[in-house]
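Pasting the structures in now, so scroll down.
You will see chain A twice below: alongside chain B first, and alongside chain C after that.
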Partner chain A sequence: MEKFYDIVVIGAGAIGSSVAYHLQEAGFSVALLEKKDVASGSSSHCDAVGLICDKLPGIDTKMGQASIDYFGVLAKKFKYDFEYNPKGCLYICETKPEFDAASEYCAKQNADGYPLRMVRTKELTEMEPYIAKDLYGALYTPSSGSVAVNPYKLCFAFVHEAKELGLDCYTYCNISKINTNAETNAVESIETNYGTFHTKKIVDCAGVWAPEIGKLVGIDIPIEPRKGTNLVSEQTPQLCFHKILEYGYMMSKFDSINFKRAVSPLVEEQNIAFNLEYTMAHNLLVGGNRLFRGMDTRSEIETMKAICERAMRFYPKLRDIKCIRAYSGVRPFVKDHLPIVSDVDSVPGFYIAAGHEGDGICFSPITGKFVKQIICGEPTDFDISKLDYARFEKSKAMAS
Partner chain B sequence: MSIKMTDLLVIGAGPAGLSASIEAARLGAKVIIADLNMKPGGQLFKQIHKFFGSSAHHSGTRGIDIGRMLLEEAKSAGVQIWLKSTVIGIFPGGKVSIEREMDDGTTELVTLMPKELVIATGASENAIRFKNWTAPGVMGAGAAQTMINVNHVKPGNKVVMLGSGNVGLIVSYQLMQAGCDVCALVEAAPKVGGYAVHAAKIRRAGVPILLRHTIIEAKTDSNGTVSGCVTAEVDDHFNPIPGTEETIDCDVITIAAGLKPTMDLIKLAGCKLTFDGPFGGYVPIHNEKMETSVKGVFVAGDSTGVEEANTALDEGKIAGISAAEALGLISETDADEKRKEIWNRLDSLRMGPFGQRRKIEKEHLIDLYNKEVKEQKAFA
Partner chain C sequence: MSEYLDDDMIVCRCEEVTVGEIRAAVRDGAKDVVGVKRRTRAGMGLCQGRTCEKMVMAIIASELGKKTDQVGTSSARPPVRPLTFGELADAEVI
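Entry: the complex of A and B
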């Protein structure tokens, strides 16, 4: 069967469903193609917070803040409730060196006008009565810069609202081929189990699967799957009152900073970054880690043990709370830790919005807006030239 | 993290698991059998009634005695029996993690890397949903049977049983033996599901069997626990007929609505499944060695399709022999001969109106395996 659309968006995770929504809202006729179901990949195997305090000062933070603010706008605008829940965040500093580094970061953000502040042990234990009492302090971000959403419902909300505007969503859609013009290499059509979709524009929002789509038009998209694991607790009275993360991990993550946490070999080897969240369903979400395991999303017992070990160090009471399950997902990792949001010079009409690694939920609203602005030829809200796909071709050229 | 090695890990110490571990251990395998319960034997220890069938299949013997016998055999064959040991997951690398309660009440997480694995996790009871079906006092018939026959606790005084299959009939009788008053047996079908001999016992005891009826609501008292049961007649499509509601005074509602195979660990092991209605739900496809689409992972008993203790015993034996063969402890020819004998015996069990159907389904699972599994996945 022949179908005709202005734009075809591939992938119905947080990014793809937001992109589809924004393009549909802009008046295009849009088809959203999804290999499985809405929110069946990384967007349902993650946690779901948008923060400014895990972003570098400057443009990253600015974009993060804009996206977080945009969640609030969408929550009011959408009929579909995605459990928008602004709540403060604490980045726990286990030791003085961590606290000092966090203070420096905090000062920079304060200079840009973000109301972050440092808290010491006493205040921290008042804010979080169940936290370990021997921690040096924390970096506190108020709810204006820290928001939780339900990631499944976020995707459903974008798709639902877009459908109201006329979006066609094709789930369990297998793409076998993308046809391009013999002379110009411009996008012409997509062949699927639903028939042929004729379109001049394709947006690849397939996250860790984006490279598979890229291959169909002969380009190499350097996204790798990076596995993350979360544990789910039984339902329990409220154990924590903020989004909790550990600051030491942030420090050890960046190679430029020569910092090692005092953790066990298991925690080190499993690359554990403790974070904790109390959900609206009264379970705790306990994370997390990052490992390269290809597309294997099975949870590993060593990871689970290491997460528990690290979590109990910060919240000793977790010892008495049962873990009922674990889940793992793959995050779309890009070497320079920046997503790809741009067109592709060699394939006119082919666009990429993928590679957000752990920031996909947070950046989904603004990414949808960026793609709309790029396709409409409007200036983007921020200078996103460093998210350009061309950066890889340039570095390749330089290497050779 | 410490990892223990063993030849064979059997998960589930019911009839299938016990007989698998006995066969493999007798052939020289180092076997650990893990079960989350306090006692081994699975459902056998609550079966105080005598078995039907041929003498090769313990006819005339009570389930509880078969359980005792298997336990002795397992011990003398050198099987290590780990009780109060819950398998919490099967992980990449062929790792099986077990939360094991120690004698002092503390728990320990042990990770095993068995060369071969038999998963014999049995089945769990189906629920029927009606208003207040989650209220305390509503329970599975099997759960009530465990309470009275294993733990010697009366679930209540006045019971209404839903479902007239053999489980519903036998448990109703045993509840009466335990001193409960069985007020009624409710069945949606126009005739009793189980054997006439069991139904006759119930009728003789004066229990009304309400055919073409269902339960639409559990009445609860101020504590929220069951205080009564609202029944209604059903039409030909099993929909309740308005105006036929009647309330029975009771404090327990037991549901005997069949069982479904327990698939969690089999799924985690990566075994290929198929949906099989007569077998109770999703089941793993397997070959004549009881081996699944994952190399070194064997299955047996109700977790490969709900049947009965006798078939579970025999399938367990086959799984045990095949695991021993995979370990190189018995030649293929010898193993084939042993398996053939058991399959023949199983055929004699799978006769009659219910049995014939199960024979067809079993053959279907093996056919599917032969068609769909071109190459087994590695257990890793």
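Entry: the complex of A and C
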């Protein structure tokens, strides 16, 4: 029952699977521990895209672009097909004020070299023939900055490829205790239903459950679950040809962007931001929203009704298409909208890669690479000091 | 009895998933209906597993040497039957 590994990765969602893959590839002996099954948490209760145009200008966008480029490399390299599908994205602006706000965002991204551009009604309706004809325009991102992948297949792909390299994956694994050195507080071992894992390094990739793991080593990880819901349609002929989102999505994601839409009280109260995706299985994924509901992932009828109402505003044809299922999941939300990809000073050997909110799928390739670089003591591809766990300690110190 | 089924028999008609694919998913680590669903799409189609779920459960149970009530069910999610987006938006009580 005694097991020995260089590194133990906790959580087999997109982040943990990618981290385990990158560490195994670097030559370490790695165990991946998962409470349930691979891809059983947020990574199978989400949608399917990597975008730069839902990121704030700066490091957020830079990580998105690096990850999107990296998806292309992995799609060629991996035998396991994760349905990599580069396709452009349209951020729909319902009104002129939205269009103006999006234009400002577009200009900032253009200044950083990203080829986004604004399109007006005529071009929009040519690009999307089934979209409502009275919309003001859209922000267009070409496929170089927008890809679709199948999120749970992405996790399976990382795990499969890592297993080929020697990874040991332990599913349905319950962690009861993490032992640290009495003097140095350095990581020593993990006690589980599979026995004791002796290791000097642990990477906490447990997403919304990362704080539970943090507690086992006495640290506070400020991640909260933020719920989202998607509806799944029956298989339909292709209704949309890009990843579609409404500009209000930005408003819903970043409360700092304070922009009021003319929507019904239900849509407002449910914090709905329309998004639409046509999957490789010919279903539509219709979403979505952001609500704080603790860990409750039941699908709420009021949310479903609000999504339907908002979706038909943009794609009237949806009225006659059938919805076969609703699903809800929780995003690992961090207040400053940046993930935590970092070591932890107070617990030598303990690392965190979590808190990606709605960007976990998109950021998973680059996050795996960063963790590998941090653990190997290599410089990261670019400066990620903003993702350091120490930022919370600093803000606590400032507050007190 | 599911051990006598041929690998090429289709179990999930909506998504055209075979006995062999379900068995392969179990070998890949799936221990329940949801794990098989994510690996094969069995139960993801129009009927949402109404037709095939019991058979999927029997195959998983047989492969793992468990009873059918030990391999879970798919998550209960609305709507109970397919409704158009228009019906869903307009309905007062669902």
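Going forward, the second predicted complex is superposed on the first by the 391 of 400 C-alpha atoms of A that agree within 3 Å, B and C clash if a C-alpha of one lies under 4 Å from a C-alpha of the other, contacts with A are read in each partner's own complex, and residues count from 1 in each chain.
As a working rule, a residue touches a chain if its C-beta (ideal position, glycine included) is under 8 Å from a C-beta of that chain, and two chains touch if they have at least 3 such contacts.
Because the structure is a prediction, the values reported are computed rather than measured.
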| item | value |
| --- | --- |
| Contacts of A:Lys305 with chain B and chain C, given as first, second, both or neither | both |
| Contacts of A:Arg319 with chain B and chain C, given as first, second, both or neither | second |
| Which superposed partner A:Tyr170 touches (first chain B, second chain C, both, neither) | neither |
| Contacts of A:Phe241 with chain B and chain C, given as first, second, both or neither | neither |
| Touching partner for A:Asp296 - first (chain B), second (chain C), both, neither | first |
| Larger contact residue set on chain A - chain B or chain C | C |
| First, second, both or neither for A:Tyr327, with chain B first and chain C second | second |
| Touching partner for A:Val38 - first (chain B), second (chain C), both, neither | second |
| Partner chain(s) touched by A:Phe392 [first = chain B, second = chain C, both, neither] | neither |
| Partner chain in contact with A:Tyr152 - chain B first, chain C second, else both or neither | second |
| Touching both chain C and chain B, counted on chain A across the two superposed complexes | 299, 301, 305, 326 |
| Of chain A, residues touching chain C in the complex | 37-40, 44, 152, 156, 169, 171-172, 231, 233-235, 281, 286, 299, 301, 304-305, 308-309, 311-312, 318-327 |
| Contacting residues of chain B [partner chain A, same complex] | 1, 89, 91-92, 95, 97, 109, 111 |
| Complex contact set, residues of chain C against chain A | 15, 28-32, 34-35, 38-39, 41, 44-46, 48, 75, 77-79, 82-86, 88-89, 91, 94 |
| Contact footprint of chain B on chain A as seen in their complex | 266, 293, 296, 298-302, 305, 326 |
